[in-house]
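Once you scroll down, you'll see the structures, which are given as structure tokens.
Here come two complexes built around chain A, the first alongside chain B, the second alongside chain C.
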Partner chain A sequence: MENKNNLALNIENLSVKYKVYEGTLEVIPGLSMHVEQAERVGLIGEAGCGKTTVLKSAAAVLHSPPAIVRKDAIEVCGVSVDGKKGVRSVRRNVSMIFQDPSSSLNPTLKISTQMTDILKSQFPGRKKAEYRQMMLDALDNVSMPAPERVLGSYPVQLSGGMRQRVCIAMALMKDTNLMLADEPTTALDVTIEEQILDLLDKLVREKKKSLVLVSHALGAIRKITDRVYVMYAGNVVEVGKTREVFEHPRHPYTIGLLAATPKLTGSGIADGIAGDIPSYINPPKGCRFASRCPRCTPECLEAPPVLESVDGREDWMVACHHAGEEAMA
Partner chain B sequence: MSENVIQIENLTKQFKTKFGTLTAVDNVSFNIKRGENFGLVGESGSGKSTIGSMIVGTYGPTSGSITFQDDIDISRSSKQREPALKQQIQLVFQDPGGSLNPRKTIRQILSVPVELYAEKRLTTAEVEKRIKDILEQVGLPAHYLDKYPRAIGGGEKQLVCVARALAANPQFIVLDEPTSALDVSIQAKITNKLIELQRQNSLSYLFITHNLCLVRNMCDRLAVMYLGSICEYADTAEFFENPRHPYTQMLLASIPVLSDVEEELKPQKVKSVGEIPSPLNKPKGCPFNPRCPFKKDICTQEVPQMKEVSPGHYACCHCL
Partner chain C sequence: MRKTILAIVKKLLHTIVLLLVLSFVVFSFIRLIPGDPVRISMGPMTPEETIAQKRSELYFDRSLPVQWAHWLKGVVTEGDFGESLFTHRNVAEDIKQYLPKSLELVFYCAIFILIMGVLVGTISAIFKNSWLDNLIRFISYLGVCTPAYAIGVLLLLVFSYTLGIFPIGGMPNIPDNYVRTGMMGLDCLLVGDFALFGQVFKCMVLPVLSLSLGSIAYMARIHRGAMVENINADYIAFAQVAGVSQGKLVMKHLMKPSFIPTLTIYGLQVASLIGNAFIIEVIFRYPGFSQYSLNVIQNKDPYGIVAVTFVFGIIFAVVNILVDIGVAFLDPRIRINTSE
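Here is the complex of A and B:
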């Protein structure tokens, strides 16, 4: 990290706990990540590993309580997200796309009303016709068929793919630096998913935006991101260039995850990873992956591993006590 | 012994809705051989689950026939079927959480099919032994019997659902998206278990899914559905090497893959465009024509017929 002010997003030592009826869930013990300007970063991990919690803390939309957030810093474009001023800065600099396009649009308002609301906050005091033209341009940007009709429709009248296009158009209308996308294609069919991913890829490149794409679909991450963070049970276990990590994963969890994904080559399916994510109430003292790990040794049960660079490289880090060892068969 | 477990001919299912008649399945024919794992692939709303529901008898078809083991007609809802038949055909649902009764223990859940489908009245000890056998078969420890579904993980819940289907001692199981609600690492375990169980018990499967990569690694043959009709059907290896229908090419081309090796296996020329139309308002002629890059005049006029493009490989397109 050369100059921190140049980062689109900088999270240092974030820890999040949730107070629930059963006790305290220690979801994220201490996580750091950064996104550079015009960089596209992926965040992968399975259900319940804390991906969305990280994203919500970055966008300052995490409800507290029940969440208890401790951190050294969360900065969006060099401005801390704390306090009223910080939140206002986040609102200006961050736009977000959610997983389920049908629940992130208001079902009782027409698309045009919802889009105008954003425009009014961003460009106050313009004429109605101007707003309308801006909306049409925005919809055109996301290759929406029949934008005029869409503006006059309610969300239920649109298909899933069209709704997600509307959400992306709305996220792009705000001239923000950082775009956070939380599983934007999970609810969509595969042919529609490809169109939406291509669209996101194109727009983010064209407008030189930074993107954080959260997903459990490994293929989607590989398709449109430069760098990837692999998360397991609230920890980042591996960071690196997406292509490199996917080709030669180093952490046993990443290896297992990639092997378990069915391939087009028809080479059969590896046996997956035995066991489940550990409970977040009193999580294991050492490595959180230890109970499922083929390389587990007594050392792993004692101390949690920290992120260390691989082969002396700055841009590839793995959190494993046995990172140097070659993958076991 | 008969060769086909399930034979489906000209099957059509229509639902009457407020907005008109919805043809969920439109004139579909295929067969599932004994001991085969047959994949049924399609995007949402393509009618794949409707076919599964008709086979297990949730409802009967509007027209056409389903034949079980070459001579038993099962084209009606399960209420009108022979009780012995119900045992032969079982179902595993997509959402394991929603398909297990949260107020019953695993023992209670599994004892129902064991007692119901036993040839004679079983003693408590016999039932217990049978339940433990089945649980061991799916690879769960015996102490799980006293747990409630909420106390075990999603993958384990799905294994209980599989165990419940096996408890009836069936010939044929319809698997309706059995792994799509699960994480990848758990999905692998379940699919491998399913393959193992199939070999051990000489079962036949209808595997309904939208995940083509999974079908590639699991099924012997597959059919691809689009808007209620089958557009291509072939052996798995042949299908992935040589997809013929424009829709299947588009489907294959849009799979996000994990390596360059896989990237090269995808058909390159077809780009995904357009949206899936509503099944209430199907296009005239070939259902795929509004999205098809090779569209001709005839495609908007006539519904194409299924053609055998090479031995055992069928596709439904005017261009072939």
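Here is the complex of A and C:
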């Protein structure tokens, strides 16, 4: 992190809490991450660990209240996301694709209407025919079959894969630096998943955009991203070059997560990690993974581990009291 | 598009069947009520032969289905709803005279409710959980649970009796040569007599207010709820990040889906206005259809009662169809499902 202004995204010490009837949910206790220009970053971790919350705060669409957000900084392309000016800068610099294409398009408006409204605010004062051509180009960009028909359709008339292509086309209509993709393929079937991820990968590379990809498809993460953040219960537990983390995971959670991926060559379905993410109300005061960790010692129950360099390297960090130790069975 | 029209036609056919059944049921009720309507109408001193002749004229000496069929034939072929034993003229004429006045009242209310309900609901949703929202919520609860007649009496007391801003009831006389549609305000406008329209308007303010306030409160609650729910929808966040301007986001992307539940409730509220108008027309001495309805019911006027019920049925059905069309217009999911 030589020069912060060069970062596409910089999050420092983000904390997100929710007040509910039972108490306070500490969803994200204190998280930092950064994305460099034209860098592709993966964000992995099991469901409910706060990945979407992180992306939503970066895109300035996290509803607060109810969320109680504290942070040292969230900067997009060197500009803080706070205040009206910040939000305007975010709108200019960030695109986001949501998890479920069936809920991220407005059910009551035609695709052409939704796209025109984006274009009108991004490129005001053009002619109707120009907007139409831009929309057709955008759909062509995502290899959409029959773009004319799609423009005249309502979302319910499109298949899931087509809807997600529309979403990607819409997200790419403004020329932004940073693309946030929140599980863009979770709601789709496997063959479509491959197509969509390839498409996303290609477009991001072509346009030299930075990408944050949240996905449960670990194969895709490995293929597409340069660096990966592994999250557990709101904390980053390991971060490093994707290839290195996948080949020699240091954190016991990463090890478990990667081992849980079924492999074609392996023997049957993998076991997964026993247990669940701890409650966010009164979370354990030590390591949040301790109750499920094979390496757990009394120390782990007392103090939360912080991110520390692996082998003195700056680009590989692990938050574990026993990171140096060899994996136990 | 063709399929949409087909769906509407189907709906209309359903409605016609429903109205036929309704008219028959009401018809049988007036025969079941004890007492002789003809005798009531003509008084105790009228000789038996005259009564019998009148009864036969009105088909009361025939069986129920025959009487019903005769009535139905009259309605369908000549718009003849039978003779009223209360006003002693054809019920159709009575309807023509009184119904437009009530429709006018209801029409003003419907517009007022739509605008105010959506406006108040939207303000409430935008300033969610602020002091303004809480104030609106408090007033809404009061409005929903206070009956229209209580509001009417209260308004009369404050604005007419104490402050003297509005007349205490009744309507100005409309000259006979003014009558075009039967709607008082509209007729004045059509003739170009704005001074008289002003008077009519002044007399309409309090009835419209007392008839609308409850519905406005209810609509505002529903609309606020729908908007607040949809604000959290993914498509709003997506449109926001994708760069849709804030104004469009609220007024179009958020408003259109939120309007679907509101419109359904709106239809029910407008239909129920006709029922609520009964009491309001009495309180404000408004010469409308509800006043007339009360009179025919109290006088056990058979053809009058049937016609009144029938007209209410038609109004409900029409409002219902309009709401269904409106909802389908707003929500492509419904449109596409019904047409496939």
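General remarks:
FYI, the second predicted complex is superposed on the first by the 324 of 329 C-alpha atoms of A that agree within 3 Å, B and C clash if a C-alpha of one lies under 4 Å from a C-alpha of the other, contacts with A are read in each partner's own complex, and residues count from 1 in each chain.
Going forward, a contact is a pair of C-beta atoms (placed from the backbone, for glycine too) under 8 Å apart; a residue touches a chain by one contact, two chains touch by 3 or more.
Here the structure is a predicted model, which means the values were calculated and not measured.
Considered on the superposed chain A, chain B and chain C are sterically compatible, since they fit side by side. Shared-chain residue A:217: touches chain B; no touch with chain C. By the touch criterion defined above, A:47 lies against chain B but remains apart from chain C after alignment on the C-alpha atoms of chain A.
Residue contacts after overlaying the shared chain place A:241 against neither chain B nor chain C. The three-chain arrangement built by superposing both structures on chain A places chain B and chain C 80° apart around the Cα centre of chain A, to the nearest 10. In the superposed pair of complexes, A:100 makes contact with chain C only, with no contact to chain B.
Applying the stated contact rule after C-alpha superposition, one finds that A:132 touches neither chain B nor chain C. By the touch criterion stated above, A:261 is placed in contact with chain B alone, chain C being left untouched.
Looking at the shared chain after the overlay, A:191 reaches chain B, while chain C stays out of its contact range.
When the two structures are aligned on the shared chain, A:207 is found in touch with neither chain B nor chain C. Note on chain A: of its two partners chain C and chain B, the one contacting more of its residues is B.
Once both complexes are placed on a shared chain A, the shortest Cα to Cα gap between chain B and chain C comes to 6 Å. Those residues of chain A that touch chain C in the shared complex are 56, 59, 61, 63, 91, 94-96, 98-100, 103-109, 114, 117-118, 120-122, 154, 156-157, 167, 170-171, 173-174. Partner chain A is touched in their complex by these residues of chain C: 231-235, 237-245, 248, 252-253, 256-257, 260, 330-333, 336.
Residues 46-47, 145, 159, 161-162, 189-195, 197, 216-220, 222-223, 246-247, 256-274, 276 of chain A are the ones touching chain B in the complex. Residues of chain B touching chain A in their complex: 43-44, 153, 155, 183-189, 191-192, 210-214, 216-218, 236-237, 240, 250-259, 261-262, 265-266, 272-273, 275-276.
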